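Below is one structure. I have some questions about it.
Naming follows writing order (A, B, C and D), and every chain is counted from residue 1.
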Amino acid sequence: MALTREQLAQRVAQEFKDGYYVNLGIGIPTLAANYIPDDMQVMLQSENGLLGMGAFPLDEEVDADLINAGKQTVTMVPGASIFSSAESFAMIRGGHVDLTVLGAFEVDCQGNIASYMIPGKLIKGMGGAMDLVAGADNIIVTMTHASKSGASKLLAECTLPLTGKGCIKRVLTDLALMDIADGKFILRERAPGVTIEEIAKLTGGELVIPDNVPEMTF
Amino acid sequence: MALTREQLAQRVAQEFKDGYYVNLGIGIPTLAANYIPDDMQVMLQSENGLLGMGAFPLDEEVDADLINAGKQTVTMVPGASIFSSAESFAMIRGGHVDLTVLGAFEVDCQGNIASYMIPGKLIKGMGGAMDLVAGADNIIVTMTHASKSGASKLLAECTLPLTGKGCIKRVLTDLALMDIADGKFILRERAPGVTIEEIAKLTGGELVIPDNVPEMTF
Amino acid sequence: MSGFDKVVTSYEEALEGLEDNMTIIAGGFGLCGIPENLIKEIKRRGTKGLTIASNNAGVDGKGLGILLEDQQIKKMIASYVGENALFEAQMMSGELEVELTPQGTLAEKMRAGGAGIPAFFTATGYGTPVGEGKEVREFDGRNYILEEALYGDFSIAKAWKADRYGNLMFRKTARNFNPMAITAGKISVVEVEEIVEVGQLDPDEIHLPGIYVNRLIQGTFEKTIEQRTVRSA
Amino acid sequence: MSGFDKVVTSYEEALEGLEDNMTIIAGGFGLCGIPENLIKEIKRRGTKGLTIASNNAGVDGKGLGILLEDQQIKKMIASYVGENALFEAQMMSGELEVELTPQGTLAEKMRAGGAGIPAFFTATGYGTPVGEGKEVREFDGRNYILEEALYGDFSIAKAWKADRYGNLMFRKTARNFNPMAITAGKISVVEVEEIVEVGQLDPDEIHLPGIYVNRLIQGTFEKTIEQRTVRSA
């Protein structure tokens, strides 16, 4: 069975370590914040200038001056700090964020990522995504493995305009967790009940299948 | 009569305008702060990270955490602000300081300045001087016109290593105030009692003498 | 009155000298921390042919979005321009030129413009459409592209509190692009919620020194929230 | 204990991993805001062959000056090295290599190192000995030189107040190079006068977020004044 959104978020959260500063993109990455283990602390960076993002506010706490990068009203945790956009991206570009999680349209086995633009459709812009993929050493891309019509999004070469070149080393899809190295996808884990054959069929780029590919556990 | 140190400082102060942010180098430039007219406000920038430097402290006010670029204990005026060295030089390099006054060993009629190093003697370093001359549009160099042995310090070409290239447009010496333009010194004012001939004799670079060269008034 | 008193009393005076075809650097992220009254004054003046650098272009009817209604913007330099139907229509029709710039690069380009750094190298955008036509250079085994500084004829920004000398404090994430935007404009205009007397702000707590501020005005703000998200108690 | 708790309890632990021939980025201006106890710990450890980037090199017997006594420094990257006879002697004898760097360029090189900017252009130093061998490029009719970022194996710095997560506040002109120095080191070690509990610092008033700080230690400081200048009442 393909992972649900919640399971994807749960699997992302397994990558967290105590003391990690993490930037979570909009969508599934953001959901991962709900699965931080109780014995662990993770601090969320929001690229509009906040380190230590908390939960959504209570109705009476809503503050128009306190939003996240998705323009949602948020709160701050104790130990949070505020800074300008230049400082925020100095932090991101300088590699100080421990983990970045974001979505994508396509990833290829060269570590390229396409996530911000579909030519001919509306161009909304890359926001901070290009800086995030260029700045982080440790990035997880979350996406569906293939389109609804069965076209793979894990390709030999991205077809859409790139967000970043050669910067992705780990992809989590609804079917599998893969590393990327030396121009190949390396299958690390399978979604529960999904076979290696199904994954291989839906993977466009070269795929390395180790002897042991465990099922994900939650 | 050649100007005294105090008169040099007084003449520098005549360049101040109400609302000017000014960086004053060590020595005579610093003295100019004593001659800010009463009906005028000037805010002093100290490149170690202080805008709004005040007088020296009273004995009981001395604070090791509050010094100027000459490492002297100082105070802050109301409206002062504190910032990092990177911010301080962003301010300087970005041209936000209205007037910079600093000393020099030599200036030439190409607008070059040499002020930080005499080869063979001790090399102390340029501190912020290179940033100050590169960043300011409005710079006054204060210096003696010639050495004690009568060698001009206003040259056709600097002999010492440069602090900045083509950045000086105005020089105040103990004998004269000069502008620099198109590869020439232009005599603007004379020290009281000093003749044009004396100045011309002690000026190494090409000198333009306008019809009217008034004496300085204090 | 001091030569350092930056306070002006009308929005008309605040934007005096703004002319057609000028470049404006604007602070704000989405609708958070935007100079909303200064934007309204630009609309009132009817200034045309503007190039505006701002992370976003507002939304329909709010923020910079209102300048689209009378086609006042010729070119937008922004990182994200979604949530704006009029923007989309003008971009698609070619009326509006858009230079998409990564958010961090945009912030750094503004900082560079204020800091006397004409250009810098960054890995952001290398190998993507953003890097096309830009110089690529390798440092320590990695490729970077050369990005140039941004400068504005004007900058418009919003802060929380100021003293009359223009020393500024921002509040929470309404800080965002505002400090850098202010430094990059030849004439910088800042609107604030409160102006206090000189000496009331702690020098250690000033976020941006008044040297960068040319004109200061006190305003009242709508502070529209784009995504009101709440949890239940 | 939290994964974000940066507090260490001994200076020995604070500099664990510091080895011969490493590069250190240090905060401070003159003797103001220097990490004086961390410098003393480097002396105690006897680490040799160090490259140190710091605006100044201390004075005889104070600050980085004490590391000259046992020839621990191989190379200094600094803007001003006066007021130090031992420094002069070692420089003249060739024991000590010195790379004089303009003060603003030094600050920006540290910031660049922390901010993922491998190089930037600046007018500072163009046409001077500092510009020799560096690329020159014209932007808008003016010449600039290319300067590269500085990176440290360690950075050592001093702040005023911190919370246990390493969020920092500096005091008056003791801020100086400290914030940038901290960002440019792989392992950044900060000593402070006071450590408060998490949540006691206002997020808007934090000068440098704890993300940049790896180790934090509370110390007591001599705060030597170089030029005690006073006026009479």
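Going forward, a residue touches a chain if its C-beta (ideal position, glycine included) is under 8 Å from a C-beta of that chain, and two chains touch if they have at least 3 such contacts.
As the structure is a computational prediction, the values presented were derived from the model and not from experiment.
Listing every chain that touches chain A and chain B alike gives C, D. Comparing the chain pairs B-C and A-C, the larger number of C-beta pairs in contact belongs to A-C. A straight line joining the Cα centres of chain C and chain D is 32 Å long.
Spacing of chain A relative to chain D, judged by their CA centroids, is 35 angstrom.
Chain A and chain C have Cα centroids separated by 29 Å. Residue positions of chain A touching 2 or more other chains: 50, 76, 82-83, 89-90, 92-93, 134-135. For chain C, residues touching at least two other chains, in rising order: 108, 111, 115-117, 122-123, 170-172, 175, 203-204. The touch graph of these protein chains has some other shape, matching none of line, ring, star or complete.
Contact annotation for chain pairs lists A-C, A-D, B-C, B-D, C-D, with touch applied as defined. Per the touch definition, chain D reaches chain B in the complex via residues 29-33, 55, 78-82, 88, 91, 98, 100, 102-108, 110-111, 122-130, 143, 160, 170-180, 207, 223-233. By the touch criterion stated above, chain D contacts chain C in their complex at residues 108, 112, 115-123, 137, 139-140, 142, 144, 148, 169-172, 175, 203-205. Contacts from chain C toward chain B in the complex involve residues 2-4, 111, 113-117, 163, 165, 167, 183, 198-199, 203-204, 206, 209-212.
Of all the residues in chain B, the ones that touch chain D in their complex are 46-50, 55-59, 62-68, 70-74, 76, 82-86, 88-90, 92-93, 112, 117, 122-131, 134-135, 161-166. Those residues of chain B that touch chain C in the shared complex are 17-21, 40-41, 43, 45, 50-52, 76, 78-83, 87, 89-97, 134-135.
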